[in-house]
Structures are given as structure tokens and as C-alpha cells.
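Which chain is which? They are A, B, C, D and E, in the order written, and residues in each are numbered from 1.
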Amino acid sequence: MLNPALSVSAVLFTLGVAGVLFRRNAIIIFMCVELMLNAVNLTFVALAQVIGVGGQVFVLFVMAVAAAEAAVGLAIILAVYRHKQSVSLQNMNLLKDG
Amino acid sequence: MSLDLSSYRDLMLALLPELVLTGWALVLILFVAWRHKTINDLRIAGWITLAGLASTAGVTWWLWWHRTAVAGIAGMVAADDFRWVIDWIFLGAAALTVLISVAYLEREQLLAPEYYILLLFGTLGMMVMAAGSDLMVIFLGLELMSVSVYVLAGFDRRRARSAEAALKYFLLGAFASGFLLYGIALTYGATGTTNIGLIGAQAGLMGPPSVMLVVGLALLLVGFGFKVAAVPFHMWAPDVYDGAPTPVTAFMATGVKAAAFAALFRILIQGFASVPAWHDMLWWLAVVTMVGGNLFALAQRSLKRMLAYSSVAHAGYLLVAVTSGTSAGTSAFLVYVVAYTLMTVGAFAVLSAKGRGGESDVTIDDLAGLASRRPWLAFALAVCMLSLLGFPGTAGFIGKWYIIIAATSAGQNVLAAILVLTSVVSAGYYLPVIMAMYMKPEPIEAAHVDAVLDRWGRAAVAFAVVALLLFGVWPNRLFDLARSAGESVRPTMSTTPSGQ
Amino acid sequence: MTADAGTSIGLVWVPPALALLGFVLNGTIAFVRPQAKTAVSIIGAGVLLAGFAVAVTIFTGFAALHPEAAVVARYWSWIPVGTLQVDFAFQVDQLSLVMLLVVTGVGSLIHLFSIGYMKADPGYARYFAYLNLFVFFMLVLVLGANFPVMFVGWEGVGLCSYLLIGFWFSEKANADAGRKAFIMNRIGDFGFMVAMFIIFWVTGSLDFATVFAAAPTALTAGGGAITAITLFLFLGCTGKSAQIPLYTWLPDAMAGPTPVSALIHAATMVTAGVYLVARCNLLFAMAPVSSAVVAGVGALTALFAATIALKQWDIKKVLAYSTISQLGYMFVGVGTGAISAGVFHLATHAFFKALLFLGSGSVIFAMHRAYHHAHLHDDAQDMRNMGGLRRWMPWTSALMWIATLAIAGIPPFSGFFSKDEILAAAFARGTAQPIWLLFWALGLIAALLTAFYMTRMMLYTFHGPNRTGDGAREHLHEAPWIMTGPLVVLGMLSVAGGLLNIPELYKGGAWLHHWLEPVTAPGAALLPETHLSHGTEWALVGVAVVVALAGIAGAWRLLKPESLVPAPQSPEERGFERILRNKWYVDEIYDALIVRPLVWLSREVLWKRIDQGAIDAGAVNGAARGARAAGWANRWLQTGQVGVYVAAFVVGVLLLLWRAVGGGS
Amino acid sequence: MYARWVVTALLVWPVLAAAVVLFVPTRLAKYVALGASLVELAISVPLWWTFQPTTGMQFIVTHHWIPAWGIQYMVGVDGISLFMVLLTTFLMPLSILGSWSYITKREGGFYALMLVLTTGMIGVFVALDLFLFYVMWEVMLIPMYFIIGVWGGENRLYAAIKFFIYTFLGSLLMLVAIIVLYLHAGRVTGTYSFSYMHLLTQSGLLGSSAWWLFGAFFLAFAIKVPMFPLHTWLPDAHVEAPTAGSVILAGILLKMGTYGFLRFAVPFFPTVALDPTVQLIIVALALIGIIYGGLVAMVQPDFKKLIAYSSVAHLGFVMLGIWALTLQSVQGALLIMINHGISTGALFFLVGMMYERRHSRLIEAYGGIARVVPMFAAILTLVSLSSIALPGTNGFVGEFLVLIGSFRTYPIATALATTGVIVAAAYLLTALQRVIFNPVTHEENKKLTDLSARELIVLVPLLAGILWIGIYPKPFLRRMEPSARQFIEQVRPGATANQPPIAEASR
Amino acid sequence: MLSPLTFFWVFAVIAMLSALLCITRRNPVASALWLVVTLFALAGLFVLLDAQFIAVLQVLVYAGAIMVLFLFVIMLLNLGRPGPSDIKGPAGVLTAVVLAGAMLVLLRPVSNAALSEGVTLPPGSVAALQQQQGIVGSVAGPLFEAYLVPFEIASVLLLAAIVGAVVLAKRKL
């Protein structure tokens, strides 16, 4: 099941990337990033089946990282929301060239 | 001293700097938990941070002095000169950041000593990245650093610009982490391990590298390319540097970049020595980064954004050092990054003296006539600019010189030529700064009266300038250090990378 | 043979040194105490007279020695580089001695004249400083023992000419004339320099002695190299001696004080070209084509300048064109190979032309003074404002008539002998090479015109009614003795100058011819053997005299001084007269064909289009602008929109993947 | 003893003095600076006698600097650099004295920069280690950049940055070339060293990469010379720089380019330099410089620009002389390098002195001032004559040698180059006429004051130099001959075999 | 018989479809819920891939804790309605589709790759290990032995995240 899993993982990853590409809502974009991480988790787990449990351990770490990012990321989104009353990236245009 | 990492004692020894720094971070957390109200608390927190950084540097020195090294292939962490030297650079960058933060935090009314905690954690993350000889450790270190810096970038959250910077940095950073992680996963799949040394061994055995390994490598480069702000993964940098508090910008431009490069060096040279594909990819990355960074910087009027693009350009120069793929390249990187840290922090320090409210509105024209009102400040900034330009007599030149030597000795003559040509372009935006300070009159009477640095900031700037000039003229000690450090990062296999 | 300190020849450095001393002293006075005119006069004229005295002793010392070769005095090693060894050295031989005597002799007289002429000028000291400096350089020119030292004098006299033409520099026209003279001369100097380069690489030396000794073996007679050398040398001569095509500066040079015109632009400097050809007669003899060019250009110039002189109103301009014409004769002489004839004419011309110029100077001096007293600002040099001056200036009038007869070639005046000898030589060579017959014919026509225009000048100036104006007329006077004195001496020389070289035809000793033989013999040996019977010679003499007389008589009969009106009321000339009056429009043609296109090219094309446009605005600033524009273009991407950033990011990922997966390898 | 410390002293002293100048009271700065530059001159003068006119480097000092890269502090003087050093120390006191009244703001800074500039320039000429050379090459850029940018005319910022970037562009490519050369020599011999002699012996085996390396060196030096079409920084820099800046720029900085060709570009890559195409290009560019520079100078309304373009022409002669590779032409080129420093320096001083009085550099603003300021007019005339190479002045000896020497190698080109003397007369005499002759058309000019004693002190040494070299150049030729010969032999062995050395015995 | 592969594809299709819906739903709450479905499906895949412990954690930590946090924030910010500007315009979508498609094409070789000889274990050895050490023990062993260092770093990471979140969220700065 390795190759199917890798394929699914690639598809999920790409879907995550696509989501990041065409969404504007910061929270949803962040969710798409989570989707990407999960896609990678699938790769790790699939690989772990043929290589060794090390891959599974990585997934644990990825979850920890995801949790940490979620905590910080959502706090940042909240902070931004306080200024703009919006989480749409379309409104994030204070910082730009010119 | 030789460490056997399978014994806990030796593992603790190998991690001693990180442990010490973590300890200080915890001390600081405790302190902050009790005392976080007054300006005085903030200052004490600053002192504690400095003490932590200094003692960590001392411990690192102790390990370096005893020529600490790992026996055999390192497990999770490496212990070599490269690590000690780059640790000093991180610690130095952090210390300089602290020095220029003190006045800044007070002035901008950011009276939260958590700032220093995050600074320490960020530094810790960098050290972990540099230490890691396992992709997982490096990834975690990178996340630790990133999470801290995300928050630091948005630390002045009362200002929309700062919050927006944090958000942009965070979203793109998390996005880039996904690619990095995918790259790690594929590398793991291709070689069956995440240990860099074993990756190198495995890749050396494989013959022509598998598609999985090469794609994994490409995605790793994406992840690190983002952190070092290589074109086209650089676009966050100007905005985030612009919005973040100036000392944080300095920290990002120096420490974060150096850490990413340190990890990249270790991964590429130890792990991917027998995978020639990265030379080609990095070659292009270096070229577009140098060209892009320098050209884009030309159009900037805001000093902070100009420095942001300039840091992109410098990432390009450092990528040249990486592309060479030799220990000379590694040494060149170290020398350059020392110079780069000093001059960047110096420049941002002067900038923070001149500006208010995040400094995003300080343009080059606002510096007009600074030299007649604040000659020392102007002199310091001029030295930093010349050093950034790579002018002889400054450490920036020595660094650039070393990179060119590394590149040409690896046969990358074209890359070296592109490097110097883009450096010429950079004169187009560094010189106007000097020009404004020295060759234009003060726009209004007493325009620069309030452009002052406090004692801490002055110390930081003075240190940076003196070191820049000293290393510019007499870099021998730095070289010896960098050379032994550079040579300590070796390909695992005897196979050497074939050049471009 | 080197200079022997025991004889007076060793003193050869003294005349130039004296002149230089005069320059230094007078130059200092010009700055420190410009009004010390007595001291200036004593120094200025004194160094020349002393120099002349020394020259005479050198001459006697040399003559007593009867050497066959030149005596060379080396002073210091000037430019010693490898095989190029240029010493600062003087050489004394028959030719340079003649020149030395002419320069110091005529120079002394003109200095004396200047004392009177320039009396009232505020730049008196400066004037004498320049004049002394000129003499110094002229002596360096004639005494130099090698080409570079000669070139020092060659350009030095050009400099002094420049300074003296523009002496009254506050008038733009004067300054223009000076500059024009210098630049025209520089064109000639270009030829001189290139000639030196070829000479050096062919013969390995620039010393006259070595070059002339090596030339017959190192060069093929009639070959390309020798022709090139001589043609380039002659280009130098056309500049310095005002021959076609570089003659136009000399008429303008009349802007300088009249004694300067006499000294520099008649007697000495302009003859340097003749001297150069005479000096290098061997080289020219080896290059028949060049010799023909020299003689041809000389003959053409003689005729051409004479035609222009026919319609000039400015008395000095008439003399200037006459000088050009006479120089043409000299070149016919030296080009023909009749070196002694050329030098002979050089010497006699120095006498009578100096006399003419100084005489005209007296006239102008008088006219000027008259107008000055009458507070008028009419042209003191325009002959239409003169007329009948012999009443007030009998001495000048008489002396200038002597000179006129001399220049016209009326026996037994000096010019007759010298001019006749040149024409005879040309005719003689024509028997071997027919082209010379054409030169002879041209010379003969020019002689006719010479007689005509000189008579015209005398008629309009000294005869007929006076047109000076009633108020001014009463102030006309003969010049003071310090000016007339030299005129008298020159008059005597003009009469008797022929004695220097009475041809054997008249049972004379042809002294100059024999005297110069050591110098001219090597060249003469290479020339075609020609011989004219006495009958032919007498016939030629007859023709020449008849032509001269015809010119005088024609002018006397055709011209009506009575019908002239003063300059301001004169009508414009028409037709051919107008072309002559305007000097065949040569200046205008040069201006339109060379000067203005060149300036236009420089300003509009080279500077504005290429330098400022293509290079600076285009390439240099264009590159800068391009780089900046690229930076500005980035604003379209760096919009602050994360979406764009992500898209760029993903594009980067794709490119890296593409290179990783296979696109790159 | 003297030989051991002189070069180092020449390098160190100005920097020390500069530090002092910065910290003494402003009104004393110029005196201290003048004193320091005179001391510098005094240190350098004995070189004239102690220098032995023989082949090779003298006064060599070697000291470790950055052993990791084989970088040494290695300096020395030969017949080529000797005169450049002396020219520098000679012009510097004059420049400082000449700036006395011109510089009115931030005097301390100005004079300190002048002194630092001295070190940079001398460093370029004495460096025998390519790293040191490169460092010095760049170091002198900064003071000049500031001198133009801070004390310059209206358009000074543009001129300063143009000057800087132009030079920087060339020098950085040269830097890459130096490093490639260093690595090449290191690979071949196993010794990694930036020593000039070391690299010189190893540069012969470069193969095709020599072309690129030569190209990089060529660009750096050609910009500095400057050769057409890389010259456009020069008019701007000259016009905008203060007097002393222009003097130093023209007098010494430009010589760094030709010096670079003599010292590095040609000896390192003789096969490339002698390649017919390269010869054609360089001679053509030199020729274009001579004629084009002269023609463009002819139509300049600004006197300083005129001089700038005339520099292009003069340096064209130098390039022609270098490439002709005869003893005469190379010595002529060396002599022009000195002459140009003296004559053009003097011209810039003179223009500067008038600028101080009238605040205009336009030729049009003057006219007829010979009556008002005769001393000025006389000196300007003499200097102009030197610049147009009138025999008896220094200019002639140099140009004559270059032309006569080049004629053997490139007869047609030299003949064309000789027309440059016509053009030179055309532009300089025209300008001279419009400045000092002609009627006085501007009222202001009637009240001009003639040169002061201080200004005369500045000019008289230059005039002395003009006449000395014009009349008795042998002491110069004698000292530079062995080095010129060595240069030619390095490139074309045996080329000077039939050229006898200057005989000691001859007068 | 339903082979494990069948189950695999069932879960895989669910995961992919719900991921697609997650990124295309305009309502953030819907998106979040579809993401939860994806995570559950992934947990199922993990089980099939011999990673039962991870599957449990996936449900507990990811779907449970993290996603709740997301939903909490969405609710807190009152974003429970589809925002008009949430999805980019046609050009943006087209760009995204093209880029994503290209990425998929470029990643395709990876999914087909066979692992090299020296890397893989004999089939079933992971399952055997779990038999031997227990499902938790087989992961916990390496976690506290070989991966002790990363584990500790992860703890510091979480600490830093806490401090960061506190700084950003606390009322007074």
C-alpha cells in the first residue's frame, strides 16, 4: 500500500497547496496548511510501515508542531482581527512596496 | 574531547549550551512571572538575558576549547567546531539585539519582558538547528525558532503593521514548513533515515540518486529558501521586516538567516554530498536571489525595506558560498555571516535611533545632513553601508572575498562574476545613504536632534563598527576559526561532489 | 668634427643664449616694471646687436677654417632612449651661418626700428620679450644639429609668431589671427613629426650628419620611404612658409605689429621651410617626385598669391601676399635643386622685404599718428586713405622704391640676381624634365604680376593726390631716425645684396654658391646634369627683365591714383576683381569645407549624440535607469497581498521541482 | 635603513596625520595637513637619489598579513612606480595649499580625506601583493567619493556616484580575475600566494582563460584610464570635484589605470595583449581617445570639461605607447604619465583659482583677462603650451617619444595619432584665447585680482617641473629605463636587445 | 472479501473528497468540519498502515484538540457565515488550479517510486514489532530512547508556543 498511500498523500498535499492558493481567509488558509501537514503525516506513516517505526515517531512530533503553530497562529490571527475586524488577507495591505 | 552520544553524560555534555540556555530561559520565565510591571523589571530581564547568552557562550567556548567532537556518526546532534562557531554568532546576534532592544522597548512602550523569553527561545531554536544532525531535530529547532520569531514580529501588536507582519510571516512560514516537512519525509523514504550522516552514507551507496531523494532535496531547499529569503521565496521578507519592531527585524535578518544557512550547510554537505542535483538548483537560486534582491532594493526609499531587500541580496551571496559545496564555502559562510551580522545589526541600530513607531517611515532622505549633527552615528552607518557593499577595509569585504575564493576554487567563476556585478548594483542603494548623510544639508534646522542612541545601543553599534573595521584589516583570527569550523563539516562518504 | 673651444666657433651658443637672456630680463621687466622702456630697449636691441657681433666672429672663424663638414657642439643629452639619442646640439656649417647672420643682422635692424615704432605701446617690455624669444627660437631652428632640436625652434618660432600676431589681443580679430597661425603651423608640424618618425626608423638617427650619411644606403632613391619623408617634411614647410594649401594664416598674421611682420613674417621665420629643404637637399634630391611637388607648389603659390596681391587695399596685406609669392619662388629654387639660388633669394628677400615692411611700418606709424592727433578712427593701413605720401615721407618713399625695384627683379638690384637665378635653374632643369618648364613659365607670370602689384602699391601710397583727410593730413611726418636708420641700412643691402652671388655669367664669383657647396654638393650630385649655353642664359635674363619692366610700366599706365576715393566711400568691386579682392574665397572655402563641418561634427555628433547621447544617456544612465526600473517593476508583485506571495512561492517550488525531476539535468 | 622603512612610512604617515587633522581645531586643520604632506614629501624625496636605476623592485618590504590566504604586506618600488609615488607626494602639498581658500566647510574632514587618499594612491603604486593592491585600489575610492560628493559643485552627487560605481564595476571584476589567477597559480605550484612575482611567473600557462582574465583587468584599468567609450565618468567627476580633487583625479588617479596595464594586465597576459585583434582594438580605442577626446574638448563650454576630455586624449597617447612596446614608446608613456600629472594639475589649479574669483568655470564668463591678471595669463599660457606638447616643455618629450616609438609598431595609427597634436592646439588655444585674450566683455572681470603669493607658490613648482622635464628629462629617463625595458622584455622577449642602455658617460 | 486495499481506497477517497470540500466550501465552519472528516479518514488510513497508536492520537489530538481550537476561533470571531471575498476570483482560482496541477504532475514520479533495497525492512516486520512490544510500546520505545532529544525540544517548543500565545493574547502589553 506504499505507493497508493504516497499518491494519496501527494494529492492531499496538493489540495492543501491549492487551498492556500485560492483562499483569502487566514483561518482557512491555516487549515489548508494543516491539511498539508497531514498529507505529510500520511507519507510518514506509509513509509514507517516498510522502513520502521521511526516514521511514526515523526508524526508525533509533527502533531506537536502543529499544536504549537495552532496556538501561536490563532493568537496572531486574533491579534490581527482586533485591528481589522477581518481575517481576510485581502485587507492585509499595510505593508507593501512603495 | 570525544563524545559518545549513546551515554547520557556525553549527550548532556553535547547539549550543554542548549541546556544552559534553556535553564536561563526558565529562570527568566520565573522572574517574569513575578516581576513584569515596571521598566525596571524589563531592564533586569534584559540583564538576565545577557547573562544567559554570555554564560551559554562561555559553555560553548569551553566545549570548543576542549575540541569536543562526536565519535563516529553523530546521532541526533553533532558536536563540531562549526556548531560552536555558529552558536557564537547566534548568541552574539541575540546579545546585540538585546542591547538595541532595551531603549526600543521603553520608547515604544512595549513593557513585556516576555520579549526576552521569546528571544532566548528563538536563539535556542537556532542553536538546535545548527546542532541537529537529524532532520527531525533540525525541523523542531526551526519550528522553535519560527514560533518565537512569529510572536516577536507581532510583538508590538497594538500597531496594525506589526500584527500584519506577524500574520504574513506566520502563514507563509507555516506553508513553507509544510514543504520542508514533505522534503524530510521524502528524504526519509528515499534513504530510510533522517540522520544526516546516514543519509549521506545511504545516498553514497545508491549510485544515481532516486527521484524521491531529489524531489525531497528540492523541497528541503524550498523550506530553507524561505527562511533565508531567497528569491522567489523572499516576498514575505520586505513586508515582515518592515512591520516588525526594528530590533526583531535585526534579529530576523541575522540570526534566523544564519541558522537556516547553518542547517542547510550541514544537510547539503554531510547528507547530500553525493547528490549533485543541488548545485544546479542552488546555482539558479543564488543567481535570481542576487539579481532580484539587488534590483528590488534599488527602488526603495524606505530605509527599512531597502535593508530588507539588501538582506535578500546577501542571502544570494551566501547561497553562492553554499553552491560551492566545499569546506571553503562553509568557512566563507561563517566569515561572511559574522560580518553580515555585525553590519546589519549596526545599521538597524542606527535606524532605530533615528526613527519612531517602527521606523517604517524613515526614508533615505530623512537621513539628510545626519553627519553634521550626529557625526558618530553617521560614521557608524557609513561603515555599515560600506561593509554591506563589500568595501575593502571592512569585514564585509573580507567575507565577500572569501565567498569569491570559495566559488572560484569550486570552478564557479560565472557565479563569482555575477556576484560582483550585482554588488555593483548594490552600490546604487547603499551609497545614497552615505550621500544623504554627508552630502546633503539638514532639511530643517535641528532635524536630527533627537536621533540618539542610549548607552546600550551605543555599545552595540560601537562594538559592531569596531569589529567590522578590525576584521576588515586583520581577519586572521576569524579565518582560523572559520577554517577549522568549515572543515569540521565533512561529507560522510569519501565521494566528493562533482562541481557545476 | 666637434666644436673646438679654441676657435670662435665654440661661441655658437652665445647668440641664442643672449636672446634668451633678453627674453628673461624683458619678461621679468614686463611684470615687475613695465614702464622701464629704456632698459627694455637697451636689453632688447643690445642682445641682438651683440649676437650679431658674435655671429660675425663665428663666421670669420669658420671661414678661416674652410671645413668641409659641419662643426657640431653638443651641450647635453636631451632625449636618450635606446637607439634614439637626441642631444641638445648646435651645428655650424655654411648654411646655418648664412641663416645666423641673416637672422641676427636683419633682426638687429628690426629691433632698432621697433624701439621707435612701439615707443608708445603699454606692452613695450612684453613686446621685446617676445621678440627676443623669437630670435632665440629662430636661432635654435637654424643652428640645431638634429631634427628634434630644429623642431624646438620650429615650433618655438610658431609660438612667438602666435604671441606677436595676437600682441594686441584685446581685438578679437588679432587673437583669432594668432590662433589661426598656430593651428595652421601645427598642421605643418604634424608633417614634420611624421617625417622625423620615418627618418628615425629608416636611418636609426635624427642627427643631420648621421641621417645624411646613412640616407644613400638606407634609402632607395625615388623609393616610397624617401618620397614619404620628403613629402611630410614639405608639408611642414607649407605650414611654416605659408605655401598652398596652408598659406592663409600669413595674410591674417599682419594683425601683429609691423616690425613683427617684417622680422617673422617676411625675413626669417617664414623662410624656415626653405631652410629645411635646403638643409635636407640630399633627401629631396633622392626623391624626384617630391622635388617636383616642392617646385610645383612653390610656382603655383607664387602665381596664386600674386594674383591676390593685385587687388588688396591693405598695404600690409599686399606685402603679405607678396611674401607668400616670393617664398614660392624660393621653393621653386630649392625644389629645383638650386639650393644656393633658393638661399640667395632667401637672403635678398630678407633685405628687401624687411625694408618694404618696415617702410610700410613707417607709413602706418605716420598715418596712425596723424589719425590719432586728428581723433579719427580711419584705417591707417588702407592705401585708399593714403596717396602722395612721398611729400611728407621722402626717405621712406625712396627706400621703398629701391625695394620695389629689387623685388620686381630690375637689375642691378639684389632681387634681380636671385630671382633670375631661380628661373634660370628651373628652365635648365626643364631641359631634362619638361615639367620644370611649366614651373618656369608660372614663375615668369608671377614675376610680371609682382612688378605690377608692387608698382600699384607704391603708386597708391606715395603718388597721386593725398586722401588722408584734411584734419589728419597736417600731422603726417617722416618717422624718427631710430626707424629710418635701419631702413637706410636695409636699403643699401637691397641694392647691393646681389653682390653675394654674382653669377659667372656676369663674371662674378658666385660666392654664395661656392660657399654653400659643402652643404649642397651631396644633393647636387644626384640631380640630372643640365647645362645652359650662355646664349640661352642671356635670353632668359632678357625675358625676365622685360617682364619686370612690363609689369612696372603696365601698372604705371593702367592705374590712376587720381581716381581713387578714400576707403569709406569706395564702391564694391565686381566680377573677377571681387574674387581677387576676396582672395579667391579660400578662407571661406576652408571654413565651409573643413572648419565648420569639423566643429559641427564635434559638437553635434561626437559630443551631443555620441558622448552625451549614446554613451552617457544611453548606455550609462540607461543601464542605471533600467536597473531602477526593474526594481520599480517589482512593486507590481510586492503589493502586500499574501496571495501573490504564495503564487510566486509555488512558482518557485515548481521550477525547483522541474529542475530536480529532470528539466535541469 | 632608509630603504627598510621608507615605503611603509609613506603609507602610514598620512593616515596618522589624517587622524590628527580630524581632531585639531578646524582653523588649524589646513596647516597641520600641509605640514604633514610636506613631511610626506620629505620622506619621499631621498628616493630620487637612493633609487638605483636597475631592473627589478627596490625598497621591498615583506610582512605577513593574512597567511591563511598567502596574503602579504609586500611593497616595493621600481622605475615605473617611483615616479608615480614622487608625483603623488609632489602634488599633494600643492593640492592642499591650493585648497586653502577654496574649501570653506568641514575643513578638517577635507584635509584628512586628502591625506587618506595619499595613502591609497601610494599604496596602489607600491603594492606588490595583489590583495594589497586591490585593497588600496578601492581605498582611494572612498576619499575621492567624499571629496567630490561633499565639496563638489552643483551636480556633485551624480558625479560622485557615477565615479564610484564606474570604478567599482571595473575593480570588482578585476577582483574575480585576481582570485582566479591566484587559484590557478596555487594549483600549479602548490603555493598559494598573492605575491606579484609569484603570480607573474605562473600566469603564462593560463590557456584560454587568460582571455577572460585579461578582459576583467582590462575593464578595470580602461575605466580608470579612461579609454573610450568608458570615459564619461571623467568629465562629470572633473567638473564637479573641487580643485584639489580634480588635480588629484587627473594627476594621479587616472595614472592608476595605465599603471595597472604596465604592472599587471600586460605582463600577466602577454599572449592576449599581443594578440592581433586585441592590439587592434586597444590601439583603435587609444586612437579614438586621442582624436575624439580632442574634438569633443574643442566644443566644450566648460573649461574643466575641456581639460577632462583633453585628459582622455593624453591618456590615449599613453595607451598607444604602452601597446607599441618599444623602449621609446614605453618610456614616453611613462613620461606622459608624469607630464600629464603636472600640466593638467596646473591647469586645474589655474581654473580653480579663477573659479574662486568669479565662481564660474564657463569659458564664456572670461575673456581678455590677460590685461587684468597678466601673471595668471602668462602661467596659463605656459601650462597650456605644455599640455599641447610644445617642444621645450615636458609635454613634447613624452609625446614625441611615444609617437616615435609607436611608429615602428603601428605606423598608420601613429601617423593618425600625430594629428592629435593639431587638435590639441585647436582646443586649448581656442580656449586660451577666449579666456585671456579677446576684449573684456564682462564688467566683473575688470576687477579681478592677480595671483596671490600663495597661489604662486602652488604653481611655481609645477612650472619648474614643466621646464625641467622639457629641457633635461634624462634624470627621469635614466631611472625609468631599466623598468621599461623589463616590462617590454616580459611581454616580448628580446624586443629591446638592440636598444643600448643609457650610457653613464654621455652627458 | 474486502481486502485492506479496498478499505484503503475507501478511506483515501473519503479523505481526498472531504479535503476538496474543505478547501472549496465558502463557510469556514463547513470547511473546518470537512477537514475533521479528512482527519478521521486519515486516521483510518493510519490503522491500515499499521499505525494504530498514531491513528488514535490523530483523532484525539488533531481532530479533537486542534480542530476544536480552530472552530473555537471561528466562532469567536463570528465567522460562521460565508465571506464574500473568501475565495479568489476566477483568475485566482485558475492560477491555483494550474499551479496545483503542475505540482501534482511534478510530484507524480515520487508516488510511483520504489524504495531502494537497503532501506526497507522485510514485509510485516513493523507488525511483528507491535506484536512484540505492544502498539504503544513500539512507538514509545524509540520516542524515549533514540528520539529523546527531539522529544525534549518539542517540549520546549510547546513552552515557547504557550509563552507566545500568552503574550499575544494577554490584555495589557
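Basically, a residue touches a chain if its C-beta (ideal position, glycine included) is under 8 Å from a C-beta of that chain, and two chains touch if they have at least 3 such contacts.
All values reported here derive from a predicted model rather than from experimental measurement.
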Contacting chain B as well as chain C are chains A, D, E
Winner on contact count, chain pair A-E
Central chain (distance from its CA mean to the mean of all protein CA atoms) | D
The chain whose C-alpha centroid lies farthest from that of chain D is chain E
If you average the CA atoms of chain A and of chain C, how far apart do the two points sit, in angstrom?
-> 95
Whole-Å separation of chain centres (CA-atom averages), chain D against chain E | 71
Could you give the separation in Å between the centres of chain C and chain E, each centre being the mean of its C-alpha atoms?
-> 102
In angstrom, rounded to a whole number, how far apart do the mean CA points of chain A and chain D lie?
-> 64
In chain D, what residues contact two or more other chains?
-> 165
Please set out, as single numbers or ranges, the residues of chain E touching at least two other chains.
-> 88, 92, 95-96, 99-100, 103, 106-107, 109-110, 113, 115, 119-120, 146-147, 150, 154, 157, 160-161, 164-165, 168
Two or more other chains are touched by the chain A residues 6, 13, 16-17, 20-22, 24, 29-30, 47, 51-52, 54, 61, 65, 68-69, 72, 75-77, 79, 89-90, 92, 94-97
Chain pairs in touch?
-> A-B, A-C, A-E, B-C, B-D, B-E, C-D, C-E
Could you pull out which chain E residues touch chain C in their complex?
-> 88, 92, 95-96, 99-100, 102-103, 106-107, 109
Chain A contact footprint on chain E (complex, rising order) | 4-5, 8-9, 12, 15-16, 19-20, 22-23, 28, 31-32, 35, 38-39, 42, 45-46, 48-51, 53-54, 57-58, 61-62, 65-66, 69-70, 73-74, 76-77, 79, 83, 85-88, 92-93, 95-97, 99-100, 103-104, 107-108, 110-115, 119-121, 123, 125-126, 129, 138-139, 141-143, 146-147, 150-151, 154, 157-158, 160-162, 164-165, 168-169
Considering the complex alone, what residue numbers of chain E touch chain B?
-> 106-107, 109-110, 113, 115-116, 118-120, 146-150, 153-154, 156-157, 159-161, 163-168, 173
The chain D residues in contact with chain B across the complex are 66-69, 106, 134-135, 138-139, 142, 145-146, 149-150, 156-157, 160-161, 164-165, 168-169, 172-173, 175-176, 179-180, 182-183, 212
Within the complex, chain C is touched by chain A residues 17, 20-22, 24, 29, 89-90, 92-98
